[in-house]
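What follows is a set of structures for review.
Shared between the two complexes below is chain A, which pairs with chain B and chain C, respectively.
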Partner chain A sequence: MKNRWLFTLQLGFTLIVCAFLIVPVILSILAGLTVNYLVGLESGLTLRWVFEVWDGYRDTIFLSIGLSLACLAVTLVIGIPTAYVLAKRQTALGRVIEEMLVMPVAVPGLATALALIVTYGSLSGFRTSWAFILVGHVLFTLPFMVRSVLAVLSAIDLKTLEEGAASLGAGFIDRFRHIVLPNCRAGILAGSLMVVTLSMGEFNMTWLLHTPFTKTLPVGLADAYASLRLEIGSAYTLVFFLMIVPLLLALQAFAQPRLKKFVAEDDAT
Partner chain B sequence: MNKPLSITLENCAKTFTDGTRALEPLNLSIREGETIVFLGPSGCGKTTTLRIIAGLEEPDAGGKVLFDGEDVTTLPIEKRNVGMVFQSYALFPNMSVAENIGYGLKIRRESQAALRTRVSEMLGMMRIEALADRRIDQLSGGQRQRVALARALAVRPRALLLDEPLTALDAKLRDTLRLEIDTLLRRLNITAIYVTHDQSEAMALGDRIVVMEHGRVAQIGSPRDIYQKPATRFVADFIGTMNRLNGAVRNGVFTCRAGDMPWATAPADASEILFRPEDIQVTESAEGSTLRGTVAAAFYLGDRTRLFVEVGEKQPLVVESAARRDFSHGETVGLAIDPRGVLIL
Partner chain C sequence: MRRETQRLILLLLPAGIFFTGFFLIPMADLFMIGGSGKTGWAAYAAILTDRNYFNSLISTLAVAAATTVATLIISGISGVFLQRHKFPGNAALVAMLTFPLAFPGVVIGFMVIMLAGRQGLIGQITQAVTGEKVVFAYSMAGLFMGYVYFSVPRTILTVMAAAEKLDPKLEEAARSLGASPLRVVRDVIIPGLKPAFISAGAICFATAVGAFGTAFTLATRINVLPMVIYTEFTLSANIAMAAALSFVLGAVTWIVLALARTAAGSTVAAAG
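Our next item is the complex of A and B:
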């Protein structure tokens, strides 16, 4: 009897997940491949809408990929050392900085974007470049990188490991390369996946920060849904999936062996 | 190995940023090839002293650390060429056993061939050849300890510093490794500084023992001196077991609640005497003895029996009897103290 209840509950949960997570995605993808969505599948399947999206919004796709990778690079360069310092110096000031870093996540993206425009909007070269959006994305994604790396660094006895390396003659750079980085690679990977996905899908802030020449994929998607056929908007979603899923898989596959190789290479020197 | 190092600490004190005084000004000379053990309860300043010698802490202004007469006070640990074994071993989880052992050599840019030779030499010396390719999390505590020792020694350090290296291990393994470390240190003739709170480790390994209490040196001496001639009550209590009797001397006899003890050379003002369990014996019969007590507990240990004898003092006397006889609770026994083992502090 108990098992039957459990089975019913599990089935119900699975159906809810399907209904709200999987079915809308499938329907959206189908809409992007259907000749006329209002008529339904009997109107036939086509790649016309996908090609139209590719022709009209190709630049937004490349800009989004470029932006998310640039955002990843910046958050890696700033985030890892920040997490390292916070992990090493667990002071009251460190905790305040840690909390402050989360502010851009707590504050609505529109407010952050508005503040950026008010402060730096007059720098026209900067305002119209994609670097302006990058600043917003870095502000928003940095805490995710810092927190992921910090969580891993806090779980290991970093101080003693570094002291052990120092006792063997390793200076700061060697310790950071050989001990700190390899031992927080799980955190770096988790943070990287978060940063890339968040930057790629960020709409709130980007909607205010973009210009007609710096339109990102989610902004273009909103544009397509608002002003074009439903099929084109849906085809855009399909393109978005096609871009982000392989990117994330590649990142995951790339990060693990790459970091292992990094250690192996060093060991060979 | 390099020529053994002499280490001198001049006026080395340590006050932490929160104002805690971890170490009072300390002057100490450690001879070449000597094994010196810092012994004391937690918080006594022994690890702080080791960290000052290592270069992981700087002494307060005015303090100096000299290696072979050369001032290294401001030199960081990576430039001091000392090997260090940590309580938690500090082995790198991202490297194999062999990579851990070879890390110091890699940092020194030694050739690949020299590195390989030295690593296998170290693996052989610590008898862990079979573990070379293992990950650190695949090792037992004792194996980790051996890897940590091999790693510290691989770089041919000028001195070896060991911070409670056996604390994390079980008693039996501790005994085995203690013997191994002792053999190793004697064979390598390396200056070694060993920190422990375990007095039997200190007695077994140290050429000299520095007993520390509240950031101060309570006594420095050979294990025999520390045990037989403790300088203070703290040292007497911290090292081994110490019995106490309160009483007074009259006409060459020390009189206490347990009875009289003939003691020809007794100082006239002795009011409390201290002695080790091996300096007091149970006499054949209680009747013929001038000192008597009641057995409160008797533990048969195989080769001897450890007795706790009530004599009207705060603490019962601890007496080790080799006699092949049974003792029963409440039994009255005669006692004889060897005056040569009596201390007055």
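Our next item is the complex of A and C:
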């Protein structure tokens, strides 16, 4: 009897928390689609605000997509080799390197951005290009790629697999392509989704790194919230949701625990 | 063997060059510039000696601490509950609770405005009920609400993962020995979840200390350190002070996370 009561109490509490998180999302989606939010839904539904966002802020959407893909490319190229090295050498030095790579995530984005500006701000060609923002995003997302790949590589018996291939005559390039990469596919996929999602939403650094010609989606959002009517801000948020939700769903689907293959007996714990 | 070591160094090189060139050197620059202003190296002490900066530091730490406590209580209750009781709709609730996981700070700020802003839901309800409109989005209370909103999804995931590993037999044993539900929570569940609480709490705290987007969306008048740094940099063009303050801020968050990692014995990193 008492347990029943406790269950209801906890369920009620959890439902309130859910409402706290979800109600504003629903309100914002509705506001983006209503003619006049102050009047309410009676004023009718419209796509007018979404079109206005598309006309005014289209560039920010494309820049954010381009940036996140470029960021993904860089983190793949420099992140996977790093994860491989850290997996091969699980020493104190390896842990120090990993620790350092995580620093841009631990340190506030504002500080990292200021540091980049004081060092490279005078290179005006670089400062005003989107590559300047890209550098910040790579710093921030690289640890997620490295960790995600490293987690998979540490779970398999890389040494035995590589030795097997080497004894059959495979050189390093062959081993990397045919043994390492296929085995850490799940980690690369999870890491990639994480990198793209984070790059798409990054604001703390980007706000200082951007110029009027290199506005990303979150920068445009901040702009719209500050200066335009609530309906347009909401419609813009709706566009952001439409871009980020498929990524999140994919992330949840692929983040499932992967089937353990090729795990040596003594490593199985 | 020699060749392998060479190869590993070669593979590490791209990330090493990138990281050194774009993080280590800029951070060192930032540190030097922090000491190059009118007050020299005293700028690093200004956060404690200057009354205004010190006040912002205190309010930043206070709102971060309040966020951490509130988030841990909320996520602790709901996370353990959802992990223990599998009922129809459980998965849907978990999905809703973790949905805002990837929202940037600016969007979180907007969500707070939707709830507690001038045209917000709370204002409408209070006006209908009491005739007086309650609006608190553009203040410290709104910022607190935003940070809790931001932190609950990721903390709940951590708590649920940790609660899964708790041994229900321990609770049964405690109960069979006559412990009240409250004592079971205090003496069995909370100690079992302690590592998760420490690491999730540290992330919560560090993110709330360093976050900028939410405060920026709500109001530039909110007196927290990231806003002060931003104002020093843009409006006052006091780059040295901004550099010194942000270096101190970075050091604080990094130390909090490093301490938590040693205490919890697991990997801890802030996000978003």
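Here is the rule we use: the second predicted complex is superposed on the first by the 233 of 269 C-alpha atoms of A that agree within 3 Å, B and C clash if a C-alpha of one lies under 4 Å from a C-alpha of the other, contacts with A are read in each partner's own complex, and residues count from 1 in each chain.
Quick note on the criterion: a residue touches a chain if its C-beta (ideal position, glycine included) is under 8 Å from a C-beta of that chain, and two chains touch if they have at least 3 such contacts.
What you see is a predicted model, and the numbers here were worked out from it, not measured in a lab.
J.: Quick one: is A:Leu116 in contact with chain B, with chain C, with both, or with neither? Answer first, second, both or neither.
T.: second
J.: Tell me the contact category for A:Pro81 with respect to chain B and chain C: first, second, both or neither.
T.: The second partner, chain C, only.
J.: May I ask you to decide whether A:Leu161 touches chain B, chain C, both, or neither, giving the answer as first, second, both or neither?
T.: first
J.: Touch check for A:Ser43: first (chain B), second (chain C), both, or neither?
T.: neither
J.: On chain A, which partner's contacts cover more residues, chain B's or chain C's?
T.: In the superposed model, C touches more residues of chain A.
J.: Touching A:Pro143 in the superposition: chain B (first), chain C (second), both, neither?
T.: A:Pro143 sits against chain C, while chain B stays out of touch.
J.: Should A:Gln90 be classified as contacting the first partner (chain B), the second (chain C), both, or neither?
T.: A:Gln90 sits against neither chain B nor chain C.
J.: Mind working out whether A:Leu198 is in touch with chain B, chain C, both or neither, as first, second, both or neither?
T.: Second partner only, chain C.
J.: Take the contacts of chain A with chain B and those with chain C, and give the residues found in both.
T.: Touching chain B in the first complex and chain C in the second, no residue of chain A appears in both lists.
J.: Name, in rising order, each residue of chain B that touches chain A in their complex.
T.: 54, 56, 76-79, 81-84, 86, 88-95, 99, 102-104, 106-109, 112, 151-152, 155, 161
J.: Which residues of chain A touch chain B in the complex?
T.: Going by the criterion above, the answer is residues 156-157, 160-161, 163-171, 174, 178-179, 182-183, 263, 266-269.
J.: Please output the residues of chain C touching chain A within their complex, sorted ascending.
T.: Residues 7-8, 11-12, 14-15, 18-19, 22-23, 25-27, 29-30, 33, 74, 77-78, 81-82, 85, 93, 95-107, 109-115, 119, 121, 149, 152-153, 181, 206, 209-213, 216-217, 226, 229-230, 233, 239, 242-243, 246-247, 249-250, 253-254, 257-258, 267, 269-272 of chain C touch chain A in their complex.
J.: Give the list of chain A residues in touch with chain C in this complex.
T.: Per the touch definition, chain A meets chain C at residues 2, 6-7, 10-11, 13-15, 17-18, 20-25, 27-28, 31, 37-38, 74, 77-79, 81-82, 84-85, 88-89, 97, 100-112, 114-116, 118-120, 135, 138-139, 142-143, 146-147, 172, 197-198, 201-204, 207-208, 218, 221-222, 225-226, 230, 233-234, 237, 240, 244, 247-248, 252.
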